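Below is one structure. I have some questions about it.
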Amino acid sequence: MMLYILDLIGCAVFAISGALAAGRARLDFFGVMVIATITAIGGGTVRDVLMNRHPVFWIHDPRYLYLTCITGLFTVLWAHYLPIPAQSLLIADALGLALFAICGAQLAEAAGYKAIIVVLMGTITGTAGGVIRDVLSAHVPLLLRKDIYASAAIAGICVYLLLKTLRVPQNWAFVSGCVVVAAMRLLAVIYGWQLPVFNFSG
Amino acid sequence: MMLYILDLIGCAVFAISGALAAGRARLDFFGVMVIATITAIGGGTVRDVLMNRHPVFWIHDPRYLYLTCITGLFTVLWAHYLPIPAQSLLIADALGLALFAICGAQLAEAAGYKAIIVVLMGTITGTAGGVIRDVLSAHVPLLLRKDIYASAAIAGICVYLLLKTLRVPQNWAFVSGCVVVAAMRLLAVIYGWQLPVFNFSG
Amino acid sequence: MMLYILDLIGCAVFAISGALAAGRARLDFFGVMVIATITAIGGGTVRDVLMNRHPVFWIHDPRYLYLTCITGLFTVLWAHYLPIPAQSLLIADALGLALFAICGAQLAEAAGYKAIIVVLMGTITGTAGGVIRDVLSAHVPLLLRKDIYASAAIAGICVYLLLKTLRVPQNWAFVSGCVVVAAMRLLAVIYGWQLPVFNFSG
């Protein structure tokens, strides 16, 4: 139950970030709803299709769709009248990444996959929505730029798996993984951490 | 049977629009075939994968592929010798959108999905092919610009579902939904209707 | 067994080409790994999802993922200290295309699909990874430019199917198909063969 609420919060947060990205690209009202929804449910959808989990989570439970549409609408209204608190949005986005990545990893783990697949599925769940958002806006995905984003997800999932191997209780492992993802992501933004670039001109 | 023929017509129409887009991007002959085929079958393919309908419709019935390839080829030849009648193409595209959207909605409805999923599946069936076409050509998808396109699909599907709830016979509901989609799309183009843009620069 | 090794070689080759493309786009270390992996496994993943083959090949056998990550890492290190031998990479890429296309066709054939689906599935297996790579880097996919790439795959698969119809033994048909793909691709690059462009400005 707690997990379900956290998942909905993650969806709402990503829907906000998608709606704002759509506003930057000057899309119309419908485009805002679409980008907000895709950003929020894209990662989980790719994960479900690859893992052959049917029905896909938002077909099984359409509340996710209501939530992303309402959140997109709310974001447009809010941005029209009030300033967007950039800091709190950043924190929310880091939390969304953390929740989605560890939830996705947990699903893959429950399906009995090997560790590398668990890491990959968690990372896909956390990042694919944003990648699709960027591709639809014809940008090079943020994920692939010199910014610690997916790396934070990978690090947190590894901590989660490590703690599970050490027989730490499920809840503690879950929270610890989330904290690592969110903390790495936030510290990277605050201190401008970057990964080294591979520059090849052949 | 009637539905099958309408579906094939929709495919052919979208294949033409895809081939012309490929010609604008100066692709080679093979690129024309690929873009024509993807534009025509992309929406239904995404729908089938999300709904776990296997085999995917064009694997089940390869006539769709023959049709899109031949249509792409025919379009190249036609454009080489004769002018493209822009008006008739516009009408054809609106009809294709209408047929695909309502057919997709019907399939989702037959699978027992809730109304919001039916709307979404119909919209995906009608628009995803064009989105993939635009992404492959590195454009911001038309769908997401200030143009009434997916909105027309959504409106028509809602009318279709409403009529079904009112126990209007299937055929009448189908035709009414199609007419709403096509009429909205055509009127939007003719009168330059646009949705308001969300402009956010944060 | 031989086929499995050839498949792994194809993966490694495509991972190298993906890593070099990432280096040209000045991505960070993680971006290199992601692009290398997507380029290598993207085609087979799209094929498996469309054919409803679950688990997807790299979920079934995660060695593919270890291989692409290690190959991406190795490519970065190599490019840092030594020149990249352009000719050998070109040959390797043509071999990768050949192996993936004919392997993919073989899988579709074994599933009992009609000839046009077999051709399409083989072409998807050989080219979709590169298409996704190009889309993520916001380029018009190489596949769709005036370059004989997918055309080589299609030609080779047709030769493979023709030889099978003529009751040539499986191994000979396989090798012949691969040779046709690789030879056409290499000759096209060496002699600058191009397909005619469809130029439409309507």
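Labels for the chains are A, B and C, by order of writing; each one numbers its residues from 1.
We take it that a residue touches a chain if its C-beta (ideal position, glycine included) is under 8 Å from a C-beta of that chain, and two chains touch if they have at least 3 such contacts.
Keep in mind that this is a model prediction, so the values were computed, not measured.
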item: Interface numbering overlap (same over half, different under half) for subunit A and subunit B; value: different
item: Rotational angle, Cα trace of subunit A fitted to subunit C, multiple of 5°; value: 120
item: Separation of mean Cα positions, subunit B and subunit A [Å, integer]; value: 30
item: Multi-chain contact sites of subunit B, meaning residues that touch two or more partners; value: 49, 135, 138
item: Of subunit C, residues touching subunit A in the complex; value: 19-20, 22-32, 34-35, 45, 49, 54-56, 58-59, 62, 65-66, 76, 79, 84, 86, 135-138
item: Subunit C residues touching subunit B - in the complex, by the definition given at the top; value: 49-52, 113-114, 116-117, 120, 131, 135, 138-141, 143-147, 150-151, 154, 194-202
